[in-house]
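Should a chain be cited, it is by its letter among A, B and C, assigned in written order, with residues numbered from 1 in that chain.
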Amino acid sequence: MSADPPLLLVLDLLGVAVFAASGALAAVYAKLDVFGVVVLAAVTALGGGVLRDILLGINPPTTLQDWTFLSVPAVVGLLVFRWHPAVARLQRAVQLADAFGLALFVTTGTATAFSVGAPGVTAVLVGMITGIGGGVLRDVLLREIPTVLRREIYALAALLGAVVVVIGHELGLPSFPVALVGALLVAAVRVLALWRHWNAPVPR
Amino acid sequence: MSADPPLLLVLDLLGVAVFAASGALAAVYAKLDVFGVVVLAAVTALGGGVLRDILLGINPPTTLQDWTFLSVPAVVGLLVFRWHPAVARLQRAVQLADAFGLALFVTTGTATAFSVGAPGVTAVLVGMITGIGGGVLRDVLLREIPTVLRREIYALAALLGAVVVVIGHELGLPSFPVALVGALLVAAVRVLALWRHWNAPVPR
Amino acid sequence: MSADPPLLLVLDLLGVAVFAASGALAAVYAKLDVFGVVVLAAVTALGGGVLRDILLGINPPTTLQDWTFLSVPAVVGLLVFRWHPAVARLQRAVQLADAFGLALFVTTGTATAFSVGAPGVTAVLVGMITGIGGGVLRDVLLREIPTVLRREIYALAALLGAVVVVIGHELGLPSFPVALVGALLVAAVRVLALWRHWNAPVPR
């Protein structure tokens, strides 16, 4: 989101596509109609960025100003609607891609907060919300308790990545390598959690 | 919403009243208390406009600045609370009035986005959200998967109307006739969908 | 929230702590993991203030700019996660403390709306939303119909307190005593509703 160089834009659209696929698949399982599937794809893919911009006072939200960011979830939503059994078989690949999407959204969200002059604590929270907000909206619309609050070290991975970016910023380190380290940390924690079936403790 | 001439204001309040009735009736069925019924009436009637203003950076939202817009859902909520069996018998009339309310909210929402300088793509989305946002909030608060994403070509009607207004704006056509055509299209699609039991395709 | 004198800050943090405990306890019952419990504590404690600031155009929301306001729900969330049976036995004390938290949030929310120049009607609504918003978000995330709309004269108490503050403001009365009267009214209505098992009428 809000990335200038071509490489970042491509990564960004890839993250949007992956989140859109997760939203569309959940909507298919909930028996929404084709239009609902596309809306869920868009909400899941763009919701985190919209929440970020609402909290930071960026009006209208940047991802709602660009056909590119909207056409990706629309196309992904239609593809998933038509070929969802095939997408469901790729579940493991989708989860890995989702780890990467989360990593990207958390680090760009944190950076966006700094770009409008927010303090470190706000940047951590906004980065985390950018990463997990779309998934939370998806689950609320589908009447599920948000998965990210229940399983597999998801929100914690987002928090760790955002904290790394904020610490790097406070120390005055160059922003691109710091963002890379933060993103790799998010992705690594997610992949390890999936692979090793890590879960956070639940109440006794 | 935010309409100047008396006719538009009356139409606007009528749209608010119809959406309020739909929210109050759903709240009655969900066994909310009288205060919850009034709150649901207000959220359903004003929620779309509030989301519109949050996304466009209009603070505080215009419909929260005027007793008129609040007293209508309050009165409607109390009437429905007391006489809900009679209102439920008018179901078909309420659905027709709802089609008209949707048409109005979508077109004024799209126009409001243009009035603050938003680009066309944002105007389409904001118009759609103005129209369907109140119903989505109603369903989320009542723990339902939003009806508009599941049935009867509701969100699609909103999208079509918003697109017509945006195309008219991009072509430089006069805004009132364009808004009228957009609104009639929304209402016509809704009435046809209800009458012919049109539904969008669902996943196999 | 946003209180300057030390006494108000302490009261404010106490209100945050109580709301955090209610959110954490609900999350424990819903079997969220430890991280989800902390997130629910934070959302319940800070959600009303964040909604207030979004509606008033205060960006980023003030409670997201201060480690103090975040560390309280984090600590409370962890304590409740570990010792929730003990907290559950204190249910009556938690409910009384919650009445006090609601009183505080409603009156400071109403005052914040006036401080940015909002009209009276907006101040009433924003005050009410500041008080009940966190609880509504808690219930939506846990897939419950919001308790405040169903039982025990909760939202009505908030409304009454906000109206008192607004009337005092419109009459030009000194703000601190007016806020005190408004807060005491909220707390008194809540305590009476709990003690006498008052409920608002439900539909026949």
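Points to keep in mind about this one:
Convention: a contact is a pair of C-beta atoms (placed from the backbone, for glycine too) under 8 Å apart; a residue touches a chain by one contact, two chains touch by 3 or more.
Bear in mind the structure is a predicted one, so any value in this text is a computation, not a measurement.
Homomeric contact chain B/chain C: same residue numbering on both sides for under half of the interface positions.
In the Cα superposition of chain A onto chain B, the rotation angle, rounded to steps of 5, is 120 degrees. As a whole-number value, the distance joining the C-alpha centres of chain B and chain C reads 29 Å.
Contact of a single residue of chain A with at least two other chains is seen at positions 54, 57, 140, 143.
Interface residues of chain B facing chain C in the complex, by the touch rule stated above, are 27-28, 30-37, 39-40, 50, 54, 57, 59-61, 64-67, 70, 81, 84, 140-143.
Chain B contributes residues 54-57, 113, 118-119, 121-122, 125-126, 136, 140, 143-146, 148-151, 153, 155-156, 199-203 to its touches with chain A in the complex.
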